[in-house]
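Two complexes come next, and they have one chain in common, subunit A, joined by subunit B in the first and subunit C in the second.
Up next, the complex of A and B:
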């Protein structure tokens, strides 16, 4: 673009339409120029692979031979595969139990931190820290060591007369162990809740107090509705994130999903099928099923949100 | 309260109020400190266990090592399979630092296009970009693996780095778009009247003003790539290319079950840069999360 084309004098010149068209063409070139890296990434690393995995999900492919088209065979096999069903049950249980507990904990602590007191910055940082490392291999190893037979969790619970033994090797206790790991990382949604709480106008509480509203009433009638966009955001992101738990499950179960399939999370089974058994077609079918399920959940969330999410400035 | 209080009465009331608030404050801080102790305990236990002898770790609730030593770290630094832990450190550092460079470059130019340039297709691409925020990453790993495998890029850092240079981390593009939208458009218009094109406006006006969002994106990219497990697990099969997380996994698999001390030391080493980043940049981290909704 040359400087002349955009000086005010020229814009007001006799033939603006021609000038404007040239300026617009230059804008388009600039736009696509700046967007080139994203466009390449989007088509080559996201859309292309998605289409490829949709195709692969209808084939039998082991990475070495050519993909052989088998129609819906993979999808049919999925529903006859007890390990697949197991992985669905494990993952759904984890999402349905872990996410609400994590969000409730993060909201409760955020409300405690939404006060005018000293030392809040320290508490906020301390509570936030675990969410940075909770998904790391290091923490998975620590978790395993803490919940093993005669580990510190076992020892502490024994003091209270609860003798559970090791959680790691007990198929009934692995789920609570993973839920605790998820809840431990409550800091990230907590910080988001806290930012939301700070936006709630204090006048609303003052007015409610004048009307004689108690703490529970204020929470239900002011805090929850005013916070509903943030609750919606956290609920959506945490739910989608929980479906994709992988690293900790891989480390704690040694990559097997054991004991007795109790830690066979969906993505772990997908990895095992794709990269251990080299059933790339089967794993692609699993991946697409996950995309469809996550998509449906997202749509359901957005649909139902109309009835419970209130945006500021919107009359209800 | 209808009646007017006497001076003495109101002074008395103020005193009780103050006393009550002091009690309340003590209870509050006691509760918060107790909670902080519980929350930080696993991390502290890892740190302290790394200084204890292996036999004294499992089941030892105490944080204080009785005869603390750095022996575990010496074992951990030896590495595995003839590869020193310094090599793993170096690999992790290369991947993390180059990822930061890639994300900052690609996300900032993409965000500029989305927020400062008007062109047909912009809003369509923008909504597609937002949609990829919610897309489970697992749907692309198999085809991506096949492609990188055919390009002979398995056992190189390319499969881990290329996506970063091509702005596939939509979170950071989104973060920067949000930030750029907050910068006044008058700046661009003034520069344009002075004859600056988009490259000049981006380089000398927008980019310098974007510093806070660049710092946030850099810190999160560093921490996430440093902790990343799935990517290196898929693409790095030679121990001398391992990053710390997968080296740590191999280390745990190979050492005898009883050598918890060295495992803990290695686990601490693998988190060291993350911890340092946290202490230096906690303000940016917490603010980055609260303004953009980035996860931890």
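Up next, the complex of A and C:
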């Protein structure tokens, strides 16, 4: 991920000889040959179903009979559906609260691990490990066991005189529980932050020290601006990822989005509409609305990024 | 890191949102006269897929039954498969979309019209009298598996609602056990008394959960009072006031914390307050007895009939607890019919399942049930309430599974105090109308 990525145009710059050109054509064929299995899968398993779901989003389809075209009705019904509104509120709350906390936590840990001390390799692996398993079914089950009545969290908090009871059964506490689960899995952005921190030239810090800058000043004036592309990248990926939360919510709530709809994340409601209520057309409309909204958010991020993201080698 | 690489990654991540769906439609069912469905060729090697919902205990029983089946039909190989209730319907719906339903599957009253009216289920009429013998079953029961298109499910067993109570818990509370002649008001008084007595104990004990949150209890109440539940065209026949009055039965108990707390129920799932011995009584289907005894470890659990209605009658009904259906896409309809016949009628199979699926539907399947233990208690209960079973189970409209789930969900919100009874009524009717449309 350096600014000087090698593109085919640059390699091909000098005019190639006839022989070279033939060799390149063979290589191209071989390249497409190797791509074929992936291309087939991409069209059959990704593009095809996506096109099908776009069509289904304009139909009334209950999985049993043939889909019946109803135009935009599914999309109109979305806005009259209180559970849909609830799922949007739950998901947006999760994204808006969870993502910044997760990014801050991963940056903090990355900075700790960027220092030179013994056994760093071990710590880096140890801190990365949770994110490898956080999306798994077993962790969701463990999480549920930790946060029920008399679970380990309840017991530990009780030692400090905080009696919250089980978080799993309390609609006000389920959101903090999911945010904690997300924050705990900070490994992926942490590794990227760490790579970014390694690229910040040490001379800048040395020069700043000569000028008498303190730790906070160095962080604000050097680390953050130099890291801004990495922060931007992580913010974007984590935001998109947060919109897609499903597995842990499905398991902890038993697929219902409960208690009292407090874990009714967007994708979970989409699943319930499609596979429990058999309203597949409606579910498809929800899926496409999510794609469009995430797309718009991404575009907004890119637009605003011009004012705060600084790329190395880019003059302003 | 460049702007280009970030853009690329963002597009990839956005695409990974995973937009997938399934296409396809169902085949139309075929009509045929009774008994002309052809017969099974004993030489032909046939493989059938058979699936059901339930726990490990039920799987053991099915596997034993399948072994017996193979002794009689060595040419038929059975591929068994099972899952828990919610996943079961997700998988079947997906299969229905691709016309790939199992050859034989367990079916529920709440879903049969959804699958059957779209031609997804095999019309079994041509096999009745041939491979499939239903003579040992009352007509009224057989009717529950019949749609306009024909017989698409064979009822396996019946159950009826009961009030279960745990004598040990009642004793711990130091109060009188509920009796068979109680009214609804008596029962509510029992709940209040139990909660008052149990408040100081560790763990805190209760008399009951909020029974108004169980949709079938509401249906029982309507039937008992002589009200229609659903119209013939599958519309709701009761009013908002009916629902409001029903939910308000327990409003006072709800307000003063006399009902088993909702947050505890949520956390105990899939168990419940009754099965962890923190609740003294619970309404449920009578075939739950075996499960209750196993889960709670209680020495004994007693069963009482429904409380008396305002007319002094109980107005109870029997509900087919489950049916067996065949997918219309099956390549071996006569073998599927033979398997359904065997599970429905064989006395040894009846003894294997006992009352775990409800009381067996046919006389022959009941003939070898053990004379003591759980099965005997359930059968004795059904015999004792035979005179109270004066009504028939309402015909459930398409989408029933959905409105039942909505009821349960709103009851949970009511239990948390997030909505009022009026909001419950308003939201349930709004969602039910769209689900039944």
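The rule we apply is simple: the second predicted complex is superposed on the first by the 278 of 316 C-alpha atoms of A that agree within 3 Å, B and C clash if a C-alpha of one lies under 4 Å from a C-alpha of the other, contacts with A are read in each partner's own complex, and residues count from 1 in each chain.
The rule is short, and it goes like this: a contact is a pair of C-beta atoms (placed from the backbone, for glycine too) under 8 Å apart; a residue touches a chain by one contact, two chains touch by 3 or more.
In this text the structure is predicted, and so the values were computed from the model without any measurement.
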Subunit B versus subunit C as contact partner of A:176, first or second or both or neither: neither
Touching partner for A:30 - first (subunit B), second (subunit C), both, neither: first
Contacts of A:225 with subunit B and subunit C, given as first, second, both or neither: neither
First (subunit B), second (subunit C), both or neither touched by A:165: second
Partner touching more residues of subunit A, whether subunit B or subunit C: B
Partner chain in contact with A:260 - subunit B first, subunit C second, else both or neither: second
First (subunit B), second (subunit C), both or neither touched by A:131: first
Set of subunit A residues, in rising order, touched by both subunit B and subunit C: 1, 3, 45-46, 49-50, 52-53, 56, 63, 148, 233, 236-237, 240-241, 243-244, 254, 274-275, 280, 283-284, 287-288, 290-291, 294, 298
In the complex, subunit A residues that touch subunit B: 1, 3, 6-8, 24, 27-28, 30-35, 37-42, 44-46, 48-50, 52-53, 56, 63, 109, 112, 115, 117, 119, 122-139, 141-143, 145-146, 148, 150-152, 154-156, 184-185, 187-188, 191-192, 194-195, 233, 236-237, 240-241, 243-244, 246-247, 250-251, 254, 267, 270-271, 274-275, 280, 283-284, 287-288, 290-291, 294, 298
Subunit C to subunit A touching residues, read off their complex: 1-7, 9-10, 13-23, 25-26, 86, 89-90, 93-94, 96-97, 114-115, 118, 120, 262-267, 269-270, 402, 405, 409, 412-413, 416, 418, 427, 430-431, 434-435
Interfacial residue positions of subunit A with respect to subunit C in the complex: 1, 3, 5, 45-46, 49-50, 52-54, 56, 62-67, 77, 82-83, 148-149, 165-166, 168-171, 196, 229-230, 232-233, 236-237, 240-241, 243-244, 254-256, 258-261, 274-278, 280, 283-284, 287-288, 290-291, 294-295, 298, 302, 311
Contact set on subunit B toward subunit A in their complex: 25, 28-29, 31-32, 35-36, 39-40, 42-43, 45-46, 49, 57-61, 105-106, 109-110, 112-114, 117-120, 122, 125, 128-129, 132, 134-147, 149, 162-163, 165-168, 173, 192-193, 195, 197-198, 202, 223, 227, 229-230, 233-234, 245-246, 248-249, 252-253, 260, 263-264, 267-268, 270-271, 274, 278, 282, 285-286, 289-291, 293-296
